[in-house]
Amino acid sequence: MTDVNFNTALIVGAGAGLSASLARVLAKDGIKVALAARTIGDLDALAKQTGARAFACDATERPQVEKLFAEVDASLGAPDIVIYNASFRTRGPFVELDPLDVEKALAVTAYGAFLVAQQAARRMLPKKHGAILLTGASAGVKGYPQSAPFAMGKFALRGLAQSMARELSPQGIHVAHVVVDGGIRSARRPDSAESPDSTLDPDAIADTYIHLIHQPRSAWAWEIELRPWVEKF
Amino acid sequence: MTDVNFNTALIVGAGAGLSASLARVLAKDGIKVALAARTIGDLDALAKQTGARAFACDATERPQVEKLFAEVDASLGAPDIVIYNASFRTRGPFVELDPLDVEKALAVTAYGAFLVAQQAARRMLPKKHGAILLTGASAGVKGYPQSAPFAMGKFALRGLAQSMARELSPQGIHVAHVVVDGGIRSARRPDSAESPDSTLDPDAIADTYIHLIHQPRSAWAWEIELRPWVEKF
Amino acid sequence: MTDVNFNTALIVGAGAGLSASLARVLAKDGIKVALAARTIGDLDALAKQTGARAFACDATERPQVEKLFAEVDASLGAPDIVIYNASFRTRGPFVELDPLDVEKALAVTAYGAFLVAQQAARRMLPKKHGAILLTGASAGVKGYPQSAPFAMGKFALRGLAQSMARELSPQGIHVAHVVVDGGIRSARRPDSAESPDSTLDPDAIADTYIHLIHQPRSAWAWEIELRPWVEKF
Amino acid sequence: MTDVNFNTALIVGAGAGLSASLARVLAKDGIKVALAARTIGDLDALAKQTGARAFACDATERPQVEKLFAEVDASLGAPDIVIYNASFRTRGPFVELDPLDVEKALAVTAYGAFLVAQQAARRMLPKKHGAILLTGASAGVKGYPQSAPFAMGKFALRGLAQSMARELSPQGIHVAHVVVDGGIRSARRPDSAESPDSTLDPDAIADTYIHLIHQPRSAWAWEIELRPWVEKF
């Protein structure tokens, strides 16, 4: 079994919730953490709590993504863990959807993931080492009614992840797609007293990300679905 | 079993090959055919042969798609069969891909399909009648290495198709996604003498499209995969 | 495109419903039809109506399956269309299921299909010609709660179909798995007046079987899902 | 996040390899371990090394499975972790397969899993606590040519797992299906010097089983695929 150390993690699409849980547990493991989001005012508390550095970046803009990676390289070292959490969704009857929302769903959910993953892979390939994790949703494996834009974005993300996994795994880069099926617990979406653990605890999701990151290369998973015990599927 | 008649078909992304086969067989069944492509000079012969009308349209541009449907409405009547064949692919090592090609793959393969399907559905919903067929590829169910852009586009298309099928089928619109797995026979890609029928005959693919269009609503398929008998899968 | 003629069809697990529709449409196409069921008293009317011959056979018993094929060979000629419709299901809380019912579900739904398909393939291989169709269910792609035995049987059937398709297609035998998702209309289960076509018309299902049988080998489908327009999936 | 303790693990189909790795890591965590196999002579060394108890049991025989659980109950306490590893495979051209091997593949790979899982669930349900892990293979998601029996057995196992997960998860029992895609490293199948980690290290697989067992119920996975970094898929 290989024993691989990781140095620097970059979490894109960072906010409260899953990204915060990831930042905390990665920082506790001694990994330097970079957080990127379109607006970083909200990240101050988390950055202070975890010693992470926050970077402003619109992940759908190629120059901004390149600048983000250059800054992380310079300040924390090239990231060997890169996690993409950003997505955009909208709902409504198919005939009433605004095409601009479809464009945005594709851009934020899938194209931004491509831009980030490509920069990540360029840094990882020469060392044949690194982990790229993409946060999916059940919408990426099942297209729900009244939700075409999100289905398009998350399906595209899954196609990206699968193509990358087939190409990059044999070059030493672990690519994994985590299908989060259910609502993530948060201040705005507290867990239910009548149905405990019916929302996903972000710390519990983060546990599985950390497990994936540390999987020895002889037994890698490219995908895992996580859902609350009571979630219908 | 319902016996439904169709009047007008619109084929977007028309060229030689599958679209020509579809145009011929639909025209033979007495259905008026509209062909749309970015450049229509190549469609002259086919239009003449089938009595179809050709329309110039960049399917990734919303105003052009709206204009296309308005023109078809006016000249042939609102289409009750709409087929989307356009796609863009490029290949290469993941780290060397041009992000512009990813944008184009998503736009032509998936976003254009959305624009066209939405216009189609708006015309079909009031009559609770119509068929929308989206031409997929094996890349839409399996992400191949060195092919992330096409995987992203075709996965997104499949997500669109599945979301539409779940929403629109109960409203009388038959949505189907045809996974074409293999090379389509053409002048540039003739069939092999040593391995006959190792390329898909476009007339054979068209047969299945016609079958899907005429399926009674009590037994609709939302997806079918077609491949040559000798194709590995 | 190949133009292939078929001579003799064998339908195993025949009864009212889908098998009767298949027998009628095959007979109308001039194909000799053999019907096999555990008890054949019920097949008299159908046999008379279609000119089919009925054979008693427990498909889970190897000697009986061998005898069935020998008799069909002798009386109608070796079948080049073989359809397997038999299945057994039972439901209930997982901890209360009778293991005997699991054995029976596996035997009738999957093992019998193997016995029949193997006899069929032995006759088709030398001629590199034939079609084997296996009737699946949504339970074969999705394991439902309180339905482990049926899930086990229908999943196993799908695995059989996929393995056969990969092996036998390049040898000229078309193997197809038809996922029937919903209730098939019958005297006992009439269609609903409030929700017309919410049950699958067996004639509509049969249409798709016939389409599959006649698909040219350059564009074969190994699987198709059929469901009523209003069925949730 | 729930913090759940486990007391007793039962591993069925135990031998060298994965089962030995599981026994070692579970024992190290303070969990009492029972090993079951058709013949237990081979388990002596492992039992001694881990303090596990070995039980002889043919998992395809209902009375033997009931006796196994009764003995484990009495000696180690009702198991709250149950792992099913047994399977039988054979290969060959479809038309030459021995039907007895198909029966055996279904019995050992799927029916035995049902018998064991049912006994397990009966013990876990009253406490709304427990984990049942079923060891799958890539053959359970993809039916390979010349391998119909194994495909049938492993597909059936996956159907069982999915049906159980949907039914039992909301009752507090974590059911997981682990798809092992590749060869497991062993004395007979050593890792390759030219292509290191091209076989699955059983300790690496065991790591993921342990991770699954300890997943909090708000974020359970019902399935995960594991393969070596260089394995084609």
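All chains are identified by letter, namely A, B, C and D, in their written order; residue positions are counted from 1 within each chain.
Keep this in mind: a residue touches a chain if its C-beta (ideal position, glycine included) is under 8 Å from a C-beta of that chain, and two chains touch if they have at least 3 such contacts.
Quantities reported herein were computed from a predicted structural model and do not represent experimental measurements.
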item	value
Neighbouring chains common to subunit B and subunit D, by label	A, C
Chain whose mean Cα position lies farthest from subunit B	D
Gap in Å, rounded to a whole number, between the CA centres of subunit C and subunit A	44
Distance from subunit C to subunit B - Cα centre to Cα centre, in angstrom	31
Junction residues of subunit B - those touching two or more other chains	166
Chain pairs that touch, as defined at the top of this document	A-B, A-D, B-C, C-D
Parts of subunit A lying in touch with subunit D, wherever the complex brings them together	1-2, 166, 169-170, 172, 174, 185, 191, 197-201, 203-205, 207-208, 211, 215-230, 232-233
Contact set on subunit A toward subunit B in their complex	62, 93-95, 97, 99, 102-103, 106, 110-111, 114-115, 117-118, 121-122, 125, 139-140, 142-148, 151-168
